[in-house]
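Look for chain A in each of the two complexes below; its partner is chain B in the first and chain C in the second.
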Partner chain A sequence: MNPEIVLIKGTFAFYSVAALLALCYLFSKQERLSLWMLRLMGIGLALHLASFGFRLHAFWQIPENRFFLPINSFFGALSYLALAVAAVFFVIEREYRLGILGAFVLPWTAIGVGAAVIFADPAIAGLVPALQSYWINIHPMVLMTAYAAFGNAFGVGLALLIQEHQIKSRKPSELCYRLPSIEDLDNLNYKIIVAAFPTLTVGILMGGVWAYNAWGRFWGWDAKETWSLITALIYAGYLHMRFVKGLRGRKAVYVSMVGFASVLFTFVGVNFLSELHGYLSNE
Partner chain B sequence: MNEMIPVELVGFSHRSASSRARERLAALGVESVYARLRSVGFEEAVVLATCNRFEVYLGRPESSPGARRALSELEDMAGSELAEQAYLFSGPRAVRHLFEVAAGLDSLVVGETEIMGQVKGAYEAARALGMTGRTSNVLFQRALFVGKKVRNDTKISAGQTSVASVAVQLAHRIFGDLSQSSVLILGAGAMAELTATHLSSSKVMRLSIANRTWERAVELAGRFSARPLRWEDFPSALVEADIVVASTGSPEPIVTRAMVVELMRRRSGRSLFLIDIAMPRDVEESVHGLEHVYLYRLEDLEGIVADNLRNRGGEVERARALVHEKAAEFCAGDRREFAGQAAELRHSEAL
Partner chain C sequence: MRLLRSIRFNIFLGLLIALAAAVGTLLPQVPEVPEKVSQFHQAHPQWSKLFDFFGLFNIYQSWWFMGMLGLMAFDIIVCKLWNKPPDVGMVALPPEINREEEIERQLSRKEAALKLKPYQALLRSDLPFDDAFGKAEGALKEAGYRLSPEFRGASGGAFVATKHGLQRWGSYIAHIALVVILAGSLVKGLFGFVEMVPVLEGGSRAMQNKPDWEVYVDKFTVRYYEGTRTPKIFSSVMRVQQGDRELGAKTIYVNDPLDIGGVRFYQASWGAGGMFRSVTLKIGAQKLSLPQKKRVKIKGTPFTVEADMMLPNFTIKDGQADTASLDLQNPAVRLSFTAGPHKTSPLWLFENNPELCFVEDENGMLDHAPKPPFQIVAIDPVLFSGIQVAYDPGYRIVLTGAILWLTGIVSLFYLHRRRLWVLVEPDDGQARITLGGWSSRGPKEYEREFQGLVKRLGSSLACSDFQISRNPLLEVS
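Moving on to the complex of A and B:
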């Protein structure tokens, strides 16, 4: 059996159990749950990297693919996205020690890898000439790292909505005392988006440069291009409202969640519309 | 054969003794109590003296004068009849009592954690005086372990049970660490003071106190190194306050919806936590509907306190069961241990 597939299935299992533990930790004070969540995530991440290593090895067996990253298929992209979500989570965890956020973020890693394992075709194909460019190692990676950060911000936003509701209700449950404060969640949500937005913008501009080199035009209103622009505009709107209008809390989170919905649509939905960015058709 | 754990106890607590009796005992001084006990033949004793209890745990009663003798020595030292206010336990009952004390189950505020340190301190003091032995070493170390376990495994120490501490806990859920938050207290009554005590122990950025009587504001402010405010200045101070505690005797609301709408416009989305513990109300109820405004009234806070107490109620039963289980385990385990020790002793005597 293909070791890459065995490893990615193992990754799926570890991510899923870690996400489950994170959800249990939300309702139980057992610190062990949080500890094991991090451990299992760590093991999952290691398996994930190993699986990626096997994929890279197989991918480079095809001469024209050599030294390019295997991200030209839906499988590769989903897998990388889940990896990035997990990695960004670890960065935030290191900084803020908010194990409780795992419940809102880690399910995305399990869903990402699960979707890759269940729905996507792991077959490896040669890169079409248009994709044989160093840009393939940069442009999609930068964008998907931004997406992963937005995924984490979405989790933080969800926690904020719950906390806001808890305190407005005047009957806070145990959950209220487990979650970080409203102001802390609001600031964290903002910080992540402030970091992710320029990343997204740079990723889109890189795509423009690549498009100019490959097809002789910077922008072509391809569905993916259009939707990524919409995503960027929504998050720009979030930052504008926050900076200029002082919009914070619940309503700000709604805007950022619309942004994340747009991210998901750009990443998944557009593949059925776009001709130039179709992972499924692998063209 | 009815072997007992060789422990006896004579004690006085807030449950059994008047505060006058407890004061008299506390005034004796722990060291002179040890000196007296030693002089009449006690070899192993631990004196636990806190403001709510005075207890003497005695080890190896078979070779000591016994708990009744200890009681009469205490009476003699205190110069008054105390027997009616004392409890005397021996064997497993004494073990169970010590475990309950260490777990905070016998405290005035059930589940308080200070008692652990006091039990530990008492044991260490006795050891330093050479008044501990095999029994008291094992017993007290186990008591501290059980006290810790009960607090870990049950929720007796969780959930705030006073209105002021619940309010502060909620403030933390809104603002996180309060070092960047400024607090405005309106009114200078007993409730205002209590809340100020709790908030100032959370190290807020700034504490301001406004009162209709300027002298009272100054007096209260002085106690918390707070800033006193003239009553007519409080509306302008509202804008920079994150937490407002209102407890004035005003017959009409002093913080109106119109005021809050106006000041929220200038706070650029930062949350505002209003605590209204006045009767009749100081803050117009409808402000709770505004974005980023959280108004808690006295009955909301009391509701949370009642919930916490109820939760704690069930936990107290669980904690007690756990303590009894651990005490029985200890007694069963040690009965064998002490039987072994006794056999060893006979063996060495035979030699």
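Moving on to the complex of A and C:
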């Protein structure tokens, strides 16, 4: 058995149970659940890193791949994305101690790793010449970290919508008291986006510099490039509506969610449109 | 003008650009996949006319899309000139003035200035005025503040301290950066060019955009990962000549182009055009090496054999032999056998599939033939190196824009500006310090920071008592 695969399956198990605990914690006052959620998440993250380490080792057996990160395949990319979502969650958790958010964010990590295990091919292949550049260690990592942050913001947005629904309903349930206030959730959603938006745009520009060095053009309206720009425009719209027009709460969350839909499309959907950036086009 | 300055209009414009860009990824585009566009034309002739009129098959170069981008750039400039953001932190002291009465006047203005600061503190120091003033300046410098011109007189002194002042300009820099990037793209569109120059190994070809530049490829190499058709590396030993003068020479790889005064030569692709050095044919125990279009005698028979044509990716189109691409995926060779005056119909043989054989009639139509008693065992094709030549005089402008964007966006979102208005007045051998604070940070975070700062000032100024208040006159959002 390939240790990488064993470890990633273990990761999937731990992430899934942690996500489940997070959901239970939403409806129960047991603080222990939250604690165990974090512990299992921590173990999952450690297994995930170990699995990534094995992948790196196997990847570097091919001399052309040496010192490049194994995120050229859909499997590697999904796995890294889930890892980044978990890491960003930990950063937010450390800062704000909102265990309740796990219920809205952690399912994404389980889905990401699960999709990688079930749908993606974990085989390792040599990098094509265009990808043999130090930029592969920077440009996709920066962008996927931004995606991961947007994923967390999406979870926060979801929590806000539920909270708003609770407050407006005649009989708010226990959940209403357990979720943070709408204002806090709105601020958190905004803060995550404010951190992720510059990361996204800088990642796009880095891609331009790489493209100029590999193909002679900074920008080529390739489907992936275009969709990343669309994502950036939507989030820029969100920031302007918030900054200048003072948009808050539910409507702001809707805009940010459209942004996240665009993120998902950029990451997954574009594979069916793009020749240059398609993970699937080589298969 | 009013419309162009409105944020609402520009958000709408931005989303419209996003929408148009999205449509461009769903419809086939001429610069990317011209063959799919012509397929679409054939399948939907009526729709195509409409789509062509609006340039939907070439959206990113269409007049209306470029127009929207241009309008966006224009609006950004207009917005940044007219729409000054509300800035409660911008109550500065006037330029340095040394006259005593001016200081008096300044001090009397403290009420007005403080009104605009959301957080205030009043400290009473046991130190004499001069000491207290110096120590206050020192403590704030230590905390990373930059001090603006101070005013000192017999009746007191005042100064403004700021930190991360660049944040105020972040939005301006980031927006101007976008205009710079668009301008760079325009420069590229107007003065730059891109062309594909396929050059056969050992041959040369003149460029279209620089007709007196001749591109030579002396050697082309491609290596594959074992057992796959995935390239591991491909490179060209190339040079560029202008008459007898060599302008530049280099072994170019993907990601490592040759640069001649801004004109860059990229290793983009390779392929097989149909030329070959030799084809190895196995007949029984004999192996014959056939150069292109040269008859070779088969020992022990009256026949000669000739290989005249090679297709790199064989396919059948309208009953005739064709190639699907210039990629050596399914190479096929056309052979004909001659014995005296008799010539057989040409046969197509495949390197990858020895079982398969087609016979071609005089009209070029193909028909299945039984498995022949000979096989193609190797093809040594002459490859061409696809060299993409690009000249982009706008790149440095775009790069400058990118760096500006990074500077602007980081200072806008990751720096928080703080501004303190400090007034020190002598009071019976002691000193009274009034502090007004403003920051672009969130009110909760800044309130905590402000309290910490006041305590710190209090201890370094040996203050006996201090009080902190939120400015009731100002709604803090």
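The rule we apply is simple: the second predicted complex is superposed on the first by the 280 of 283 C-alpha atoms of A that agree within 3 Å, B and C clash if a C-alpha of one lies under 4 Å from a C-alpha of the other, contacts with A are read in each partner's own complex, and residues count from 1 in each chain.
Just so we're on the same page, a residue touches a chain if its C-beta (ideal position, glycine included) is under 8 Å from a C-beta of that chain, and two chains touch if they have at least 3 such contacts.
In this text, all values refer to a predicted model and were calculated from it rather than measured experimentally.
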item: Three-chain arrangement built on chain A, chain B and chain C clash or fit; value: fit
item: Contacts of A:58 with chain B and chain C, given as first, second, both or neither; value: neither
item: Which superposed partner A:184 touches (first chain B, second chain C, both, neither); value: first
item: Angle at chain A between chain B and chain C, C-alpha centres, nearest 10 degrees; value: 140
item: First (chain B), second (chain C), both or neither touched by A:194; value: second
item: Which of chain B and chain C A:100 touches, first, second, both or neither; value: neither
item: Contact breadth on chain A, by residue count: chain C or chain B; value: C
item: Touched partner set for A:250, first chain B, second chain C, both or neither; value: first
item: Overlay on chain A, chain C to chain B nearest C-alpha distance, Å; value: 7
item: Contact footprint of chain C on chain A as seen in their complex; value: 62, 64, 125-126, 128-130, 132-133, 187, 194-195, 197-198, 201-202, 205, 208-209, 212-219, 221-223, 226-227, 229-230, 233-234, 236-237, 240-241, 244-245, 270, 273, 275, 282
item: Chain B residues touching chain A - in the complex, by the definition given at the top; value: 169-170, 172-176, 267-271, 288, 291-292, 294, 296, 300, 303-304, 307
item: Contact footprint of chain B on chain A as seen in their complex; value: 163, 166-168, 170-172, 176-177, 179-184, 246-252
item: Chain C residues touching chain A - in the complex, by the definition given at the top; value: 7-8, 10-11, 14-15, 17-18, 21-22, 24-26, 29, 31-32, 60, 184-185, 188, 194, 225, 228, 230-234, 253-255, 257, 264, 266-268, 388-390, 392, 395, 398-399, 402, 405-406, 409-410, 413-414, 442
